[in-house]
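A short worksheet on the structure shown next.
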Amino acid sequence: ATPAPAENNKTNEQKTNTEAPPAADEPVDGGTITLSTFSDIVSLNPIFINDTSSGDVAQFLFAKLYDLNREGNVTAEPWSLAAEAPQVSEDGKTYTVRLKDSAKWSDGKPVTADDIIFTIDTVRNPDVGAPGISLMDKVDKIEKVDDKTVNITLKQVYAPFQYSLVTELVPAHVLKDVPVKELQANAYGTDPAKTVTSGPWKWTAWKAGESHTMDADPNYWGEVKPHIAQIFYKIYADQNTEVQALLKGDTDHISAIPVTQVEAVKANDQIDIIQKPGAQYEYLNFNFDPKNFPDNYGLFEGQKTRQAIAHALNRQGMVDNILKGVGALMNAPFLPDTWADPKEAAVNYDYNVETAKKLLAEDGWVAGKDGILEKDGHRFSFELQYNAGNSRREQVAAVIQQNLKDVGIEATPKGIDFAAWIDQNVTPGKYQALLLAWSLNTPDPDSESVFSSKYFPPTGQNSGWYKNEKLDQLWIDGYSTVDQNERKEIYKEVAKEISTDLPYVFLYQYGQAIGTGPRVHWAEEDRPEPSIGYGQYFHAIKWWVTDK
Amino acid sequence: MSTETEVKNPSAAGVAAAEEILIDVRNLKKYFPIHKGLLSRVVGQVKAVDDVSLTIKKGETFGLVGESGCGKSTLGRVILRLQGATEGEVLFNGRDIHEMSGKDLRELREEMQIIFQDPFGSLNPRFLVKDIIGEPLRVHRNMSGKEIDERVVELMEMVGLDASRRNRYPHEFSGGQRQRIGIARAIALHPQFIVADEAVSALDVSVQSQVINLLMKLQKELGLTFLFIAHGLNVVRHISDRVGVMYLGKMVEVGETETLFAAPLHPYTAALLSAIPKPTPGRRQERIVLQGDVPSPANPPSGCRFHTRCPLAQAKCSQVEPLLEEIMPGRQAACHFPLVKGDS
Amino acid sequence: MAEKLLEIRKLTVGFVTDKGLVKATDEISLSIGQGQTVCLVGESGSGKSVTSLAVMRLIDYAGGVIADGSIQYHGQDLTVKSQEEMRHIRGNRIAMIFQDPMSSLNPVFTVGEQIAESLRLHQDMSGDKAWNAAVDMLRMVGIPAPEIRAKQYPHELSGGMCQRVVIAIALACKPELLIADEPTTALDVTVQAQILDLLRKLQSELGMSILLITHDMGVAAEMADRVAVMYAGAIVEEGPVEEIFSHPSHPYTIGLLQSIPGFEGERGRELYTIQGTIPPIGQLPTGCRFNPRCPHAMDICREKEPFDFLVGEDHRAACWLFEDRPVALVDGRCGRDEVKRA
Amino acid sequence: MTEYLVRRLLQSVLVIFLITVATFLLIHAAPGGPTQVMLSPGLSPEAMAQQKANMGLDKPLPVQYAKWVGNLLQGDLGYTFKNHIPVGDLLWPRMMNTLILMGVAWFVSLVIAIPWGIYNSTREYGLSDQTSSFISYLGFAMPSFWFGILLQQWLSLGLDWFPLSDMHSRGKEGDIGDLFMHLVLPVSVLALGFLASYMKYARASMLEVLDQDYIRTARAKGVKERKVVFRHALRNALIPIITVIGLDLPILVAGAALTENVFNWPGMGRFYVENALAREYSVLMAITIVTAVIVIIGNLLADILYAVVDPRVKLGGKGGKAA
Amino acid sequence: MSEMKVEVHAVTGNDPLLSVPTGLPPEPRDPSTEKLSKRPPGPWRMLWSKFSRNPYAMTGLVVLTFFVVMALLAPWIAKYDPSRIDMMFPNLKPGTDGHLLGTDELGRDIFTRLLYSARISLLIGFSVALTSVIIGSIVGAISGYFGGWIDTIFMRFVDVMNSVPTLFLNILVLAIFSSEIKYMIMILALTSWMSIARLVRGTFLQLREMQYVEAARAIGVSSWGIIFRHLLRNASFPIIVNATLMVGSAILSESALSWLGLGIQAPATSWGVMLSNAQEFMLVDKLQAVYPGLCILLVVLAVNFIGDGIRDALDPRQSMSKTRRRLKQWRKNYSKSGN
């Protein structure tokens, strides 16, 4: 999981909320589609892709070993590099992957087992500094069976590993001689001419900060060829400009319409909107390290206190008013309607000021002179950090402030510039409470790295210094089990424990609206799917455009 | 090298020698560097005052005349140590003021004052008249506001100003009145010595005479000594006991007023005198009209600095620099061919 | 008496302020004969420059206005001419030099160009010819190496040379009348002597008339055929130069002459002074404008403005002391209009 | 004059040197400075040390500085921390875009402002003068980005007269007509700002010159009023205007940041903002230096122009209008 | 020194208002008839009397005063808490339900937020102007008075500051450091004092040649006494003009930075923040973007009118222009030389 900063994370979506997709009768070949975003790529070298824009562009340029289907299952699609679904050994530790014979790089060289080995070895080499290292660090060894087949053996049973195979490969023949330390600085990934790819489109031009041009590769190896001849990927200064461009017809497709503007965009009947919560959820995180509080007095030590806060927050109100209804309440770190959804197993905290007040009183908080609660001479007053510039989060922070005020807690929202904030507060775990979101890269429910005490700052992602031994063990149990039904039970247990102990107040799953202009068409089964990663371009190879 | 020009004994008449010397300027030089080039290197000097010696006796008025840019103001300023000297010394009551520092210098400021030419520029427009006149008292005397005010009234009456208007700003006063304010400020501390730098030049004739009268009156009453710088020769003649004539940073002639005006020794003095239009019609005298302009003090002519314009110049003049020497009793001139009686 | 070239009659020039018209000159009358030099003397602020600008009709650009009177030039009234008509007279038949030579020259043009411009404007000269004529002019005003100087910019010349250039510009078209507004005040005495000599020489060569404005009685004595003494916007005394200096009549003229320390006589005596200062325009006393400063002020002086009385041949003074003398007539009329005054 | 220029040149070099030092220090003193940004997060301490060494970040600051300046002198602006792209490759095209936008805006406003300002100086308080001063006031007081947004809403989204944003429509790169249409709105926004000051200065400077003695001399010569204005006054009036324009250069180079953001113009100002938010320090340093150099060169040009217009300058500092 | 710069921005010089003699009373006066005359109409009073006759300047003053008063009294005028969210009533139309200008997307009262924004925008405007005046005056005064190498150092420093676009500097610093209000004020001040420094320096270079400075020196007043007692007082009017205009530009800078997301951070609010928010809602409610923009426009206009009013009151030429106007009028009625 990576923190989801702002709207910066493209969500994936899923189904149209309007009637049918703008399906015209028959697909036509040719034409240009304009896609847009509001930040440029960093690098298209799949090993180093760590931001949404780069990820978006890579979707068109690189074929993946496996792809996800609409239900989020790992499959070998016609455009996937693998020929068939991975075969897992009895002990659940060895995965056999076989490549399609036809798969070729854009320079004409075949995609081989060496590419798989090179890619995985590179990613798991700590000297490389690949962001995806955690996906591959369970790998024990990789063996080349033949030119097209490898065996990947894990150190232990690790159920989420199948999702690690939904990955792009890099061409070993291009990169194998580059010293490991210079990989990142290599022009592969930043220079279109030097970036050998394997997908349906080729990267023909990059005007930094302006646009990318991708042209359909005439020598593409796949059986299914793309309809769209050219993808023009445009970079706007901000989301507002982007939305306006969509309305004006300057762009054909944007993947994140801010909730605040959805209504207005809907008013334009040319624009097709797909809106549904995506793979991300927002939360209020408590810090359990007393060093972050005055006099080292941790305000959030009491479980009842945390529960009281959960009761005090009008989460449904946030969903209804701020998210305009496009969101779902969550009580545990598992997305609603996935197989791991614990449903009632998790404790639900309804919006109830009285309960909240009662719980606070039980925990020893009494109202002080100014109406703010006090305990042992400490005022219940804390700073709630969030990243500046995200109006939705700003609004939520304001609502939280007010909700808490109603029960006698003083929260001071503070917006900080995202990059600085992550560097200085989030990563080192230095804050009192924060408001942030997780965007889930894979459909797997494993969240050990976020909640386990193994992952304390600054190296881990458990930035709130939360420690719960029972949970620590449950997470391990969860990923060490292969059977999905068994796993489901374990995660129910997790949900119960975590929703009682509340390291976070889980707020809601949310998503942004995908907007598409009148030129773009797809068959019903190829429509964008917000609930999976990069689902906004789901089956883009089968889309087509018309000039109307 | 020029010790001879140091006139310790300015007047042959024994009487003068007996008089107390207040200011004794010896070989005073003031050069301003000329910066030029990439690094502002000094590439030359404006020799604004070049080796000038003079003495001023207590109670006397020494007039200083010369064309614009010849160094009169600079000399006055250096004598007051408003600017440092490049070389030479200025003895005030026998003490070299350019050696003084700190407290002595502060005390010196009480003894020497200056009156300026520009009746607009010399008064701070944002100060009330009483603050302007009271400023020296505030700085030097530990007086209460009331005492200062009383003294200001006294001073204003002394210079003939309506003391009830001390609560006003200078822009409400006429040129002559402003000049009086400047004079009141200068005499506030009872100085012994005052440099009047073109104190009346900017005034209209009708007002000019008022101020001249005032200065003469104050000199009598307060026993002041004046260095009176002016380019109006008639005024200098009227007010000064002795007169010095400067040309291009050099003193070219010094003498008792009457005799100097009656029969100038230096051709330049003569030209200067004859150039002045006299208010007597029909007497368009044959005047000596000098050719050309004053040369630049940055690179003065060799030899006698006046030789480029001198109607009487000879070969020697362009080579040898004449020294200021006593030509006649009580009269000095720096000229190889002084106009001794009858041969003008 | 020489033929009149310019005749100023009851000229009133003023500035319009909040309080209405403030008069800088008040019904002044003055005439200049062919080849004559008339000096206008007076203290600062008495209205000398305003008068000269009015003659040139440049007063329009200075924010002033000719409120009354006429300026007859060759029988034409300049005050009713349009600026376009005036343009052909200015610089051509009437020329003017100003007080500060440095600022009177345009810093971005060579002096040669500035002289040639005049010639091109009024004499239809072509570029080359005008340039050569300009160089000739420079030579005429006594600038050495005129060919080189013509190509220089004003800032490269000394004050005295600039003034010569200004004179050259003024004289380029051989005007009939030269108005010189304090042409030497900014200069050193030795240079002043050169310039005055030059003016006199040129006058005799070109036969022009000069209206010379100065506040230096010495200059007036030396240059003028006639002298007019101005005080606070009015001409208080006017006459031939010898008359003015030998028999000054108006107390102001007398005061002026006496308060100047001379080159003869006793030094160090108390100088004669005129009390007080000149009143600013718009704040004139009633009656005679000089009465508050006048040692002879009588009752009538405080009440009624004096007429011009003839105090000698061709010599008038506006002072009640001469009430017994005949009233001076200007152009056959009363110098000051009693009816209007009352 | 040559000496004067050489002197100004040396002065400029000194200023550029100081700017490099200041920029370098500012950025290296920043919390979360380059060290943190450059290094990939989650590295082991050893790997981090290694990477630091790779990037030369372990050396003492003066050494790093020297290396950086050394590279700058060879035209190497460094590489982006994030993806190791030569900064120059990113910067130059954007600078061109900015120059196009600003150049047009600047030119348009000069062409309008100076003649108009001059005209107004001769017709003070007339209708035209009042109009121009109204525009000036608006130009000074209007937040440019707001004005831009309003124009977009009104003329582009509302009336659909002009494109909303960008520099060209897709596929129409190099089409001048298309570029022109895209320029109209942003240029209007920028030109309003420039107009405001140039008009004011042109008028003020002209009024001042018209009050000078030499103008009176020209009139006394009988010069036509039109010539008085255009021949005698104009050149003198241009002198201070040139200075103002010179001083405006930083705005010219950077001032588009806001407008570029509004109109999604791929220029340097927007690039700067993006990179400031992303803490791409090498880019920030590069832009700072490059703009400073442009500004300084521009000022130098202004000085040369100044010397051309004003003969007094040729004496090399003396005799000119000393400040 | 040989910069050829002409300080056109500057209102320099010993101000002409004071050196043009107005009505000189005749000198002989009977002291008995006149008691010690009252405090004269000092330069300030004279300035005011001219200023108050300028309709634009007075309008500016009224508008500015209005905004300042509204800002100061915000807690009493506004009925709502500026950050009070009322999710039941988002995006109300103006006038509904006692919300004068309606509510924003969170149901916050727009009018209230405008008032509280005014506090911050004005606070920043004035503090920045004040701080930069202090810095600029000190640097300029020292530089101009002492000259020499001090001047050279200071002026090179000013050159450095001037060569980097201010907006870039602000963005850089704000991106690196935190953007709290106090830092914001500091940063804006630190990037805007140069014009004042140049102005003061220019004025001082001119003033220090004045004879009254020499007179003060002759009296024995110390350098600091001359700088602070004599000169600064004379430079004060141009400084004030400049400072006034700076208030406007600081408000504009703040709004621009806030708009870019680098300035004031929520929940604090300023007009720039409101604009930035409103831009998201342009499609929903354009008026939300109009109010704060108008406020900025009005305040900055007002401030500039005031600044120009002061400048004009100090400028003798302005009276010339007025004269010309009066003259026209007069000519129409009387003139014989009318053309």
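To keep things simple, chains are lettered A, B, C, D and E as they appear, and every chain counts its residues starting from 1.
Here is the rule we use: a residue touches a chain if its C-beta (ideal position, glycine included) is under 8 Å from a C-beta of that chain, and two chains touch if they have at least 3 such contacts.
What you see is a predicted model; the values in this text were computed from it and never measured.
Asks: Any chance you could name the chains that touch subunit C and subunit E both?
Replies: Intersection of subunit C and subunit E contact lists gives B, D.
Asks: How short can a path of touching chains from subunit A to subunit B be, counted in steps?
Replies: 2
Asks: Between D-E and C-D, which chain pair is linked by more C-beta pairs in contact?
Replies: D-E
Asks: With chain centres defined as mean CA positions, report which chain is farthest from subunit B.
Replies: The chain farthest from subunit B, judged by C-alpha centres, is A.
Asks: So what's the Cα centroid distance for subunit A and subunit E, whole Å?
Replies: Inter-chain centre distance comes to 49 Å.
Asks: I'd like the Å distance between the centres of subunit A and subunit D, where a centre is the mean of that chain's Cα atoms.
Replies: That gives a centre separation of 41 Å.
Asks: Between subunit B and subunit D, what is the separation of their C-alpha centroids in Å?
Replies: Taking the average C-alpha coordinate of subunit B and of subunit D, the gap between them is 54 Å.
Asks: So which bits of subunit C are touching at least two other chains?
Replies: 83, 277
Asks: Could you tell me which residues belong to subunit A and also touch two or more other chains?
Replies: Residues 244, 247, 417, 420.
Asks: Among the residues of subunit D, which are close enough to touch at least two other chains?
Replies: Within subunit D, the residues that touch at least two other chains are 7, 31-32, 261, 277, 279, 310, 316.
Asks: Would you tell me which residues of subunit D are touching subunit C in their complex?
Replies: 212-214, 216-225, 232, 235-236, 309-312, 315, 319
Asks: Residue numbers of subunit B touching subunit E in their complex, please.
Replies: Those residues of subunit B that touch subunit E are 77, 80, 82, 105-106, 109-110, 112-114, 116-118, 120-128, 135-136, 139-140, 162-169, 171-174, 176-177, 182, 185.
Asks: State the interface residues of subunit D toward subunit E in the complex, per the touch definition above.
Replies: The touching residues are 4, 7, 11, 14-16, 18-19, 22-23, 26-27, 30-33, 124-125, 137-138, 140-146, 149-150, 153, 201, 204-205, 207-208, 211, 239-241, 243-244, 247, 250-251, 253-255, 257-258, 261, 269, 272-273, 276-277, 279, 284, 287-288, 291-292, 295-296, 299, 303, 306-307, 310, 313, 316-318, 320-323.
Asks: Which bits of subunit A are touching subunit E when the two form their complex?
Replies: It comes out as residues 239-240, 243-244, 247, 258, 260-261, 263-265, 317, 320-322, 388-389, 391, 394-395, 397-399, 401-402, 413-417, 420.
Asks: What residues on subunit C touch subunit D, complex-wise?
Replies: Subunit C residues touching subunit D: 56, 58, 61-62, 83, 86-92, 95-96, 98, 100, 103-109, 117-118, 121-122, 153, 155-156, 166, 169-170.
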